[in-house]
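Look for chain A in each of the two complexes below; its partner is chain B in the first and chain C in the second.
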Partner chain A sequence: MSNPLVRKLMLSLGAPILALFVAFALTSLVLMALGDPVRDVWITMLSTPKPRMITNVVNGAIVLYLSAIAVAVGFKMNLFNIGVDGQYRVGSFAAAVFAGQAWLPGILNILVAIIVAMVAGGLWASIAAYLKVQRGVSEVISTIMLNAIATGLVSWLLLKVAVRTAGSNAIGTKVIPESSQLEGWKLIPGASNRVYSLLILAVIVGFLYWFVLSKTRFGFDLRATGSSETAAVASGVKVKRMVMTSMILSGALAGLVGMPLLFGQDHSYGTTFQAGLGFAGIGIALLGRNHPVGIAFAALLWSYLDTQANGLQIRAGVAPELVYIIQGIILFAVVIAYEGTRRLDIRLEQQRVARELAAQRTARQTEGAVA
Partner chain B sequence: MKVAVAVSASTLALAACGSGTSKETSTTTAGSGTTSSTSASSSTSEAPKSDVKVGLAFDVGGRGDQSFNDAAAAGMDKAKAEFGIETTDATAVNGENEAAREERLNQLVDAGYTNIIAVGFAYAASVGKVAKENPDVHFAIIDDASDASKGDNVAQLTFAEQEGSFLVGAAAALTSKTGHIGFVGGVNVPLIVKFEAGYDAGAKAVNPDIKIDSTYLTQPPDFSGFGDPAKGKTAAEGMYQGGADIVYHAAGGSGAGVFTAAKAAKGWAIGVDSDQAKTAEEGVRDVILTSMLKKVDVAVYDYLAKAVKGENAAGNVIYDLKVDGVGYSTTGDKMSADVIAKLEDYKAKIVSGEIKVPDTK
Partner chain C sequence: MAVEVEGITKRFPGVVANKDITFAVRRGTVHALCGENGAGKSTLMKILYGVQRQDEGTIKVDGQEVNLHSPSDAIKVGIGMVFQHFMLADNLTVLENVVLGAEKLHGIGSGAKNEIKRISQEFGLGINPDAMVADLGVGARQRVEILKVLYRGAKILILDEPTAVLVPQEVDELFDNLRELKAEGLTVIFISHKLDEVLSVADDITVIRRGTTVASVDPKDVNARQLAELMVGSELPTPETSESTVTDQVVLSLRDITMAGTEGRDLLHDIDLDIHAGEIVGIAGVEGNGQAELVEVIMGMREPSAGTVMLEDTDISDWEVREIREAGIGYIPEDRHRHGLLLDAPLWENRILGHQTERPNVKGQLIDAKSAKADTERIVKEYDVRTPSIFVTAASLSGGNQQKLIVGREMTHAKKVLIASHPTRGVDVGAQAAIWDLMRQARHDGLGVLLISADLEELIGLSDTIRVILRGKLTGTFDPDTVTSQDLGAAMTGADTPHDDIPHPTDPQDVR
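Let's look at the complex of A and B:
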């Protein structure tokens, strides 16, 4: 415990592990109270996933990771961007419409569509940013309302541009041309399905997130504003501009969330496109403590739970919604544990400093005595 | 996984014997998170006696919507009781992606289910894919007849919802005293627009000047409109207050709210999918004028009857008025004989092709 680095690592790993145990215990209690088969549930949840399911875990995590990073950018600034959910749907829809037109060939179509998604997501977020900066509207309120508006707007537009295939009751945007569909990588041996090619997008975003936040002036300003706005103002940071930029950045990153799904799986934006990713991202950013590596683990854990829960009803006779209870408890426990370890960390730090000061004092005293 | 392997192994062994005579099976019905469970010991020690094992994959909502999903479950349960087949069901969670739907079907395949029924059009692509990967397993999908789900081992079960809706639309117009009726759709998707289109056409066939309020509870991808009685109640309340005296809902579980609103406003409501004068909460059953029957139960039962006989059921089967796949209910005798006679007249005209019911607005 004397080495501050070791202590920090132990504390930051200890909290989530503790949270997992708490979640395990509390969920078991819930199951017991309801008379559900506790053993079967955990056998299903903890069974070794098949290669096919490992692919699904990784794929799910890629999407969740992008969502959590988008949220984390805001968190670092003390901005609660609840609007990632709306921003990613606006972004995905815009990109799907653009890519479906096939104005550009193959990969170029994908790259430009990704930019379209970022611009659309960023523009959508800029409404909340503008309201915050110019009118002092809390971004929590405005982004929640913008989510609802995004739902209405996107479905209205979807009905305008939708193509319906014969015999189908689903609607969607025009399917993107085959040359722009990404087949994915065979990363998991023995799996029939493939990992999204846009895993690479998540890696790049993760790296840039780390680099920009910890190695650039902008990142420093952003973190400074997040830690103490007054101090940031005193050191010459233009807070309004920072709010504007980081909110738009968060929205632009949110625009990326749907890209692996669009190019690697659904090939169009329609009624069956995955919803609710923005909210999952908030939990994962919290769990991963806004750290690029922490978020990656948190996203994998989340996706693992989602995937394993799929078989609950078939194999254990318990509704898969149970996974919400597990995830919810993990979040609760982890937030409490983080706060606990933060305080413990401060106390240990104080003790260490006090000890060193005391040691110095005694050293000086003995020196004085000798002299 | 050992359980699944053991089960499928024993199933295969029995399939080889060509067993079809069974009385008792070790079965499971996993409801909405309640206590039943497939216990490992029973599946392995006493092997199932029918070679047909049915897995039903629901979309969001599952059992308990008193409507669409329950109708599918009823068809399966009836087949289970009659043929002694083993059944299970699994429900989707809100906001899942394509991979999760595929995974659910794959889990059922892994667990040794021989006939897998996907309830709802959201499964179209996943049924198509998983069916191709597992040519020995039989699939059925309800509400989709697109190329996405087509296959040599896929039965596509679809309905002429507009035809049944035409009849209840006519019933509403014939019964309405105010000349003002309403329609509450669950989610604004083409499938539900089919209901509205038929309802409008039926009402206008009776009274071209009739006023029809129409609303959808949610817009996709928000599918909560199929399971939110509070939203259904608010929407219907608005219509009754505005002067409508009959409201037809095609909103799955949200319809319960429409019935509550009808009761409070002393108006009529029209149920959907199941005969809701029998399935709705007892207190509101007397406000249900009629229900548009979409006989998902019949479709599921027919499919399973074929499966038990070993017939190949692949291909698109359309359940329309002609084959009695859609219709209206008369439970509770709320409609006069005169109205029913007129409805039968319309029905005959639709069956003969004299009236063509539109399926889009």
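Let's look at the complex of A and C:
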């Protein structure tokens, strides 16, 4: 492990792989304890998905990716934005209402609706940001509460604007015009269904996230604040403004979470709109270590588990909710493993630095002796 | 001997907190450990109380070597700790606070109450077990803390800066309590940097400086000035400056700077200070007398209640930290880990820190990684930062090399003024000499330098003028060519004030 690059790679890949094995082992134990068919469960979970299912995995991952990036922006600042769930609800609803009016034609309608979603999500997050900056309210508490309020508020507003779908109890916003519906791309060979067109949105967001954080002044300030608030203050970062900006940014990105669903699948916001995406995003951001590529893999894994679990009831006679146990254990294991490897990494580096400096000294002394 | 400590060494990444600490505490005595803040007292305490493990060395209690892995190990061998910040629940009674976590000893009912009464009576603590902690004053709370420790069977009490929170009358009462404890055969380890208190209550004194024990003295043989000298040291390599480069051009000027404190006393009071180009102004003072606040006001990190700060002809009182840094004031912070570095980030990113808007670090809104890296290489070479590369994290360097990186970074951007707060604290002797050279270089280059240090030799050797800060006021001006460490030590502690055994916080005016 003398090569620092090799060391970094092994440490960063080792931890999640270890976490997967731990999850595998512990879940098996749980299944055995309950007398469930361990073998059948794993055969189902690990079977090669059909092309149609692969499309579902990718589509699920797109949405989860956006959610996790929104959370990761907060994490980089040491802010725990638990409120992505409420922010994406508010954002999706606002965008659905706007797009449903069909004030603008085709693609333009989509683009402006996306901006509407970001503004709505950002505004919703700004409440928590304001409370933190001005009143010192922990963002964890305020965003959890705002999630509850968002659920109620959106349901209430939905009743006001709702259009009842014929022959169903479900209600939803007005369906967006056909010209603004995205039919998706045939990316997976042999699949009858299509990958969301807004895959492109996830790619752009991922790239911008990486670019802004690692290449710009703003990103440097944000990372510095997250890594040491005291050092950031001394370096001239206005921490309050930074908290405000990054929280709103996180909320604006959260507003994007529902967009692939809205334009690629549901075409309206209603009672059946997918819930709980914000909470999954927290886990995926952790698993992907806030890294844009790491999060992509984590989102795919998450979505894969979600999709594969659907077959559990039929093929193994086990409730698909089992997947929550697996995901939960992965998270626990990975958080512990990351902290472990972080410490190991620091220690290894210190040893290496000490060793190399000692070698330099000896080299200089021998040189001196020769001269 | 109640406690014998031998050869204790504790290293943290980048610093050696304790180095070969050796001392012995006699049973039935009050033993004072004194040293400046940052000298390594708190690390030592944590080791004695089992919060941290020493890397080397042994601790013996009553002649038996002990291995302390946790505070419960410490209490088992009879070592108890009274923290500076009380750990009491306000909304519980004294009884409830005392039994909390020690329910197994005497239960939580009348047995416990009787035991508390017995202890209170035996040591003259005057504690009523049924009183609400919320109703108690600071002195009484401290006695509850002491009682808590005694209740758990401690025979050796460690008190961490116990007088810091007390008014003088309460200090007297505390000292009476300590004498009572001593008379009953208990042993007290008393940690403080207040010299007069140490001299009045201790039977033995051990002085710690730069992480190591430098002397064990009998309080009868020393006075406050000699003790101050031991604390700040005088046999280190001397930091002499060459001929004066002071000009008559004022670069930084503070007028009437006042900062209100929370408890009635100003943290800073009517500070007037001028720094000229080519001049090093040293600030001497016992830590906690307003040095940190003074620096934070100049750097724009805290707002004073009144007063102005002028950089040459510009009023910078209302400027933000970033504007002040951009204007050419370099800043070497007192606590490099908290304020000077991002420990997890590579050296080249640390080179950007504090100068995120200045070249060569950025181009417009973008980070110019290439130039920043190249300039980090230059700093590493010019300032002799010992590191295998600029891509290792700051945490992996030794304290001295971290500091040289900070000094290099700040000197690169300091065009007019350099604020250096304890620039050689926690660095080895070699790096210390190098940093002194750099300070001299800054002075030679025509910068105005504000040097804050607890090391009097450093102040006397480097400064062109020395000001003393005491309780938020600049109380004296000394010429480093003629002043001695004794004079400074006396002025710093207020020990040159007539009849001043215990400094009175409400009347600090008659110094000098």
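Throughout what follows, the second predicted complex is superposed on the first by the 364 of 371 C-alpha atoms of A that agree within 3 Å, B and C clash if a C-alpha of one lies under 4 Å from a C-alpha of the other, contacts with A are read in each partner's own complex, and residues count from 1 in each chain.
Criterion: a contact is a pair of C-beta atoms (placed from the backbone, for glycine too) under 8 Å apart; a residue touches a chain by one contact, two chains touch by 3 or more.
Everything numeric in this text was worked out from a predicted model, so none of it was measured.
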(request) Label the relationship between chain B and chain C on chain A in the superposed model as either fit or clash. (result) fit
(message) Once chain A of both complexes is superposed, is A:101 in touch with chain B (first), chain C (second), both, or neither?
(response) neither
(message) Which partner chains sit in contact with A:313 here, chain B, chain C, both or neither? Use first/second/both/neither.
(response) first
(request) Check whether A:192 is in contact with chain B, with chain C, with both or with neither, and answer first, second, both or neither. (result) first
(message) With both complexes overlaid on chain A, does A:36 touch chain B (first), chain C (second), both or neither?
(response) first
(message) Students often get this wrong, so check: with C-alpha centres, what angle lies at chain A between chain B and chain C, to the nearest 10 degrees?
(response) 130
(request) Quick one: classify A:245 as touching chain B (first), chain C (second), both or neither. (result) neither
(message) With both structures fitted on chain A, tell me whether chain B or chain C touches more of chain A's residues.
(response) B
(request) Superposed on chain A, how close does chain B come to chain C by Cα atoms? Whole Å, please. (result) 32
(message) Identify the residues of chain A that lie in both the chain B contact region and the chain C contact region.
(response) none
(request) Would you mind writing out the residues of chain B in touch with chain A in their complex? (result) 1, 3-4, 28, 30, 32-38, 55, 88-91, 93-100, 102-104, 106-108, 110-111, 121-122, 124-125, 133, 143-148, 156, 158, 188-191, 218-222, 316
(request) Give every residue of chain C touching chain A within the complex, in rising order. (result) 13, 299, 301, 320-325, 331, 333, 335, 338-345, 349, 352-357, 362, 365-367, 369, 386-388, 391-393, 395-397
(message) Under the stated contact criterion, what part of chain A meets chain B in this complex?
(response) 34-37, 40, 47, 50, 52-53, 56, 59-60, 63, 89, 151-152, 155-156, 158-159, 164-171, 192-193, 261, 265-266, 270-277, 306-307, 309-311, 313-324
(request) Please give the residue numbers of chain A that touch chain C in the complex, ascending. (result) 4, 214-221, 223-224, 227-228, 230-231, 233-238, 346, 349-350, 352-353, 356-357, 360
